[in-house]
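Across the two complexes that follow, chain A remains constant while its partner is chain B and subsequently chain C.
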Partner chain A sequence: MFDLELKNVTVHYKDIVAINNASLEAKHGEIIGFIGADGAGKSSLMHAIAGVGRFKGEIIYEGTDYHSPKEAERIKENIGLMPQGIGLVLYETLTVGEHLEFFAAIRNLKKNNDFFTYKNKLLQMAGLLHFVDREAGKLSGGMMQKLSLICTLLHRPKLLILDEPTTGVDPLSRMELWEILDDIRSSEGTIILVSTAYMQEAAKMDKILLFDEGEIIAGGSSPELIDSVRKYTYEEVSCDNDKVCFSFDKRSYALYPLAAKYAEPTLDALFFVNALQKKHTLPTMEIGERQSTVTIPKVVMEAKALTKQFGDFVANDHIDMQLQSAQIVGLLGANGAGKTTFIKMLLGLYPIDEGELYLLGKPILSGNDRRELKAQIGYVSQHFALYKEMTVRENLLYFARMHAIGTETALRRIEKYASALGYLQYMDALPGELPLGINQRFSITAALLHEPVILFLDEPTSGVDTIARAQFWQILEMLKVKWGISILITTHYMSEAEYCDRVVLLKEGVKVADEYVDELYRQHPHAKNFEEIFLEYYQ
Partner chain B sequence: MRAGVIKAYILKELTELFRTRLIIMVYLMPSMILLLFGYGIRMEVTHARIVILDYDQSHYSQILTSKFEDSIYFDPTVMKIEESKALHLIKQAKADMILIIPSSFEKRLIHGQKTEIGLFVDAAFPTRATTMESYVQGVIFQASTEVGEGKLPKGMITLNSRNLFNQAMRDENAMVPGLIGLVLLVAPAILSALLIVKEKEKGTIFNFYASPIRKHEFIIAKLTPAFLLHSLNIFILFLWATYLFEVPFRGSFALYWFAGEIYILISLGIGMLISIITRSQIAAVVLTVIVTLLPGFLYSGIILPISAMDHESYIMAHLFPVMYYNHILYDTFLIGEGLDSPTNQLYLGILLLYAFILLMLGTLFLKKELR
Partner chain C sequence: MMRVFWTIVAKELISFLRSWGLLAVVLYALTLDVYIAGAGMQIKPRNVAIGYVDHTGGGISRKILSRLHGPEFVPPQRFLSQKALSDAIFNKKILVGILFDEDFEKDYRQGNTAVMNVLLDATAASQSFTTLGYLQSIIMDFSKIDFPVTVKSHKLFNENADNHTFMALSEMLSVITMLSILLPAMVFVKEKEEGTWDIMLLMPIDAKLTILAKSFSQVIIIMVGTIICVGFVLFGSFDISMNGSFWAFVLLTFFYIFTTAGIGLFVAAVSKSILQVAQLSMIIMMPLIFLSGAWTPVYAMHPVLEKLSLISPLRYYIEGCESIFYRGTAFIDLWPYFAGVLVLGSLLYWYGFRKIGKLF
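Entry: the complex of A and B
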């Protein structure tokens, strides 16, 4: 007998099916992980279970069945929901202590000794005991998430639903959040449903559900899932041309035997294999040669003690950085660490408060110095700056004209990129109708049309599904090799550091690490992956 | 209904209102609207420059001229120039009006014959022109009773009815009570429109969706602080009206207060409904302003008395609560009939019904789910 059961739950918004026929079972004390890209249906399913969104099908919690938010009212005493978004359920102007008071009161909790002991235990676990009088708006992202979590835990829910509690949070806070969850699961016997964008967190879950395009494509424990794709995972080889296979991150995946040794798969492999099984074409992408000839200096960008202040808040504190030709540098850090601010200073979108900047060997002192260099710099912003009312083709033509590229040349190049990056069939669609991964590919085209020497990318992979992310990194690698382009890319996925040549780690506006990737591994021989390396810098 | 839950929510709302400084808006906006409009909109015209061409030069015509000289509303100049030259003065904006007394003025009146006085008004601003015209009629009417010692036939001149309860012809008396009706419709509505949509925009609405709080508990918790804070405005606005604008208060204060509280409930109910259907704060504010400010202004009786409206505008006026409240307001300030008047009783009942329906609709439309 299960404590929580979902039977064929379907959620849709007008015509769009967010999650189709999802079923799951869970027992008290279990942690169930939801893994998948943005828009795969994780949040919709969580909202349905929490009784805050409409759905079709049946959900049974401890013998109480419900089919609508209204019927779910009966079990809301037992539910704790923490929706997606950092500090989403917090009131900026209320202090930590006032939050706990408020959440206790709206849950009608009795203020007895037991309550105070539990409250203090939670504050202790979250490391917020000394911040009781601080306003929520003045906490760091990690602290906000910990506060949200303990506010959700205050009424001892038996069914805890956490929607991406760790996304964008620094590695140390993430580890602490997981420690709290583990403690609660064993001491309170809570069912915990948690979604995450980080594959590494899967190991901490009892059961994992993989979400893809509104469906649960696989379920089981982490070792079980990895075993299920072991027979399709090989060491990297070049694929047979007429048969479908996919290579990424030193491994190749195929449904038929490849002439290579088997390799140890990761959870990412499940998505690749699923795509192969569904016969989704995974187009091999090719970037042609650069059409213009350029001479690229050895050091394309050099920042010396760049500083940016907003009032009292120092967003970037004397940051030095060097970007060499044909190099991919990853700028890593949690939300609010100062990654975007730094890129915006490099681009001249924010004035530089202090420090020196050299682009392609020239000192940048004024806007005029930048103007000549604009033709050699490409930029993709955090929220792809596309015009929603124009089709993909019109968008790209517009960007080409901004760079004064003739219509004929522009159309030829656009066509070439579209077929190379596999979005030719979407040329006449509006960006809003397309998946994030496609938008990301044509955003990068927009930044490449004028064949730049340096490319700045601000969080291009967040929210994009595993396959699209893998393909995106393939494109970047090709650009580096074929064009000798230098790329500065920001990301909060620590694991993506793996694909960079060098990484720079920011923490609260300060640079804490700046190293070649292999050098980092040499310095931390015990670390299994980048998560663990960065954790050491945070501690 | 669990008092503890509601109390916690109210406390949270109040803390937020004070810390986000929204409280300033609660008290600044109503007084500001009243002062801005109270001083800004002037229907009254003083020192209108009137040129009098007296072709009669008789005793009667001099009585008439002196009446204009005694009035603070006019700055008359008696001139002996041709009509066309006088008209030119209006074109040059040196005069607002020209009054022409014909040569046979006295003789015709004595013989009991009708006489016609010519009046040219600068109608660049039509409202101002109408006002000036009615003032002139008033002065002529006054003068004619004196001239004919009450023997002159009536009916030749009628007075504008809007001055009936405003014998002093003071603009403040006509304007300020109407403005209170406008302010108390707009300000509480904007506050309550922000209350729910603010939580939707931020995401904190999940605390309501995902917890066992009941819908009516939530609404009570949201509206109570706004209701209490705005209740104080009933008194503040009263003080501005009676002390600053020196509007007389002839009716019952209890009726003024009670009707005001009901009216605030109506306003809060409108704002809450808007807050429930909108998704962003900006949309909520814009919609609230459109739904409250425009009808509040047009159908309040400030610009045009409801009795002077016809067809569509008459029906429209009856659809919005502002008309009923303003009727009671004008009564308490200027007339003082109070609840003895059956109209006032009926209108108070209609206001109560409005408040009840709006709050019921709010509880009905509010859903504990994402949309």
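Entry: the complex of A and C
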């Protein structure tokens, strides 16, 4: 007998089927992971189970069946739902303590000794015991997510539904979130349904469900799933031109035998193999030679003792960094470690309080220097912010004009990128209508049109699915090799840090590491992956 | 330089034309809203409900009542007692009540002063007091006092004594004020809200050029809207005559929009979201309009407010526009209004420009 059962659950939005005929079973104390691309139907199914969205089919929780949000009211006191997005359930101007009071009040909880013990235990686990009087708006992203989680846990739900609770959260906070979940699962016997974009997290769960285009296409434990794609995974080789295969991260994937040794797959392989099986063409990204001939010196940008203060708070404390040509540097750190501030100083968006910044050997001092700096750099922001009232073509043309590129040259370059990066058919669509992965590719185009010498990328892969992420890294690799430009990227995916050449680690505004990736592995011989190296610096 | 300027202007115009909601609001404000303000304003009595109690047995009272007819008045309704009439007024069924008591006709015939009691619902002040004025002239007509003076009035500037055109013009000027604060503020704050602010700052372009181009694009939108409003609503529907130079009006409007756009820039600098823009604009706009003389003539204000009204750019704009439309003042004689708008305008725009410039 299962404690939670879904029978043929379907969710429609007008004509669009968000999730079709999904079934699943779960027992108390199980953690079930939902993985899949954006828009694959994970959130829709979660909302249906939580009883906040209409659906067809049947859901049975501990013998109580429900078919609509109204019927689900009967079991709502057992459900805890944490929607997607950092701090979405929080109120910026309420303190941590007031939040707990508020959630206890709306859940009508009895304030007996039991409640206070449990509340303190939650605060303790979340590491918020000393921040009870801090307003939620002043917490870091990781702390906000922990606060959201303990607010959701306050009424001791037996069915906990978490929609991407760790997206955009640094590895340390992510680990702490998982410790809380593990503890709750064993002490309270809660069923936990959690969606995630981090495959390393998914690997730890009891059962994983793989979502694709509104269907659950595979389910099982992590080893089972990995076994299922083992026969398609090889060590990296170049693919035949006429046959479909896909290479990424030292591995090649193909449905037919390749002339190479088998390699140990990761959960990411599920996505590649699935795409191959559905005969989705995975267009190979191609970046042409750059048109302007600029000799890029070895040191492209150099920051010397850059410091930024906001009042008493030192956001960046004397940070030195060199960005070299043909090198990808990963800038890592927990939420609030000062990455964004640092990038903004490099971009010339923040005045520098102390220290010096050199671009191509020239110091950046005046406003004029800063403008010249801006003409030499490309920037892709976190949300691929582009103008949503203008079509892709109009957007790109606008950026080209702003960089004083002639219309003809601009149109030629735009056309070239569009076909090389595979979004030619979307040129006349508005950005809001397109998937995140496509938006990501054309915002990279916007940053490359003027052929910069440095490319800054601020969490460019947050919320983008595995395949789009892999293709994105292929583009970066090509830019590095063909253009010889310098790339600085921030990310929360520690697996991505391994694709970088060099890694700079910030902690509380101070640089704690600046090393080549293989050098870091040498210094931390016990670390199995980059996540562990990161945590060693932070603990 | 110029190419970048026009690229930014074009981008803002495309964005504006593609935001259907905003476009609809702007069009509504400059057409229907102005029309309603003009057509809906009634100072003359129309369909006024009159009730009466007549204890005289007819005669003079009937003669007076027979003069109250459409379209100003609905046929008077008879009540049997003063109480019934009072109740009807209380219930808003009757606006003006007339009482002819038993002595009324007797006093009149005997040459004594006859008293006709009139009950007015003073909450509908303008309608009921104008009705009172009507009644007084009816009675004057009856009494035929031998006083050999007659008043012959000559209506200047607004020959039809038409309130509609005046109200429509004032409304249009107020709407222009509102839009020229809101729209320039919104083009900047939208970038903040949608996360494109950093991208905008990262363009290798002089911040001054960006600010100027962005506010200029909104000035164009409001200028086009104003011309539509003048053409279709003021000229088309209300048939306002333009006694002065149309181009003087266009020029004055252009300067005025830059003035209020300066306020818009200030609002944009301190707001984080469109909602804040709306709230802040309202707070700033209200005193601007109250002090301008759009709703209350400046000479009727408290002396302190009258002095304060000198710093409302809308005051110069309204007076200038009235001079152009009604008085047909020669271009050269409009200089006080142009000077007022230009001086306040350069100050406000400079301030707003600096304020938002600090964010770049």
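Simple rule for what comes next: the second predicted complex is superposed on the first by the 505 of 539 C-alpha atoms of A that agree within 3 Å, B and C clash if a C-alpha of one lies under 4 Å from a C-alpha of the other, contacts with A are read in each partner's own complex, and residues count from 1 in each chain.
Convention: a contact is a pair of C-beta atoms (placed from the backbone, for glycine too) under 8 Å apart; a residue touches a chain by one contact, two chains touch by 3 or more.
Note that the coordinates shown come from a computational prediction; the quantities given were computed from them, not determined experimentally.
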Partner chain(s) touched by A:Glu98 [first = chain B, second = chain C, both, neither]: first
Partner chain in contact with A:Glu264 - chain B first, chain C second, else both or neither: neither
Contacts of A:Asp183 with chain B and chain C, given as first, second, both or neither: neither
Contacts of A:Leu81 with chain B and chain C, given as first, second, both or neither: first
Touching partner for A:Arg371 - first (chain B), second (chain C), both, neither: second
Touching both chain B and chain C, residues of chain A: none
Chain C contact footprint on chain A (complex, rising order): 344, 347-349, 371-372, 374-375, 377, 379, 381-383, 385-390, 394, 398, 401-404
Complex contact set, residues of chain C against chain A: 3-4, 7-8, 11, 14-15, 18-19, 194-196, 198-199, 201-206
Residues of chain A that touch chain B when the two form their complex: 47, 50-54, 69-70, 73, 76-77, 79-81, 83, 85, 88-91, 93-94, 98, 101-103, 105-108, 135
Chain A-touching residues of chain B, taken from the complex the two chains share: 2, 4-5, 7-9, 11-12, 15-16, 19-20, 202-204, 206-207, 209-213, 367-370
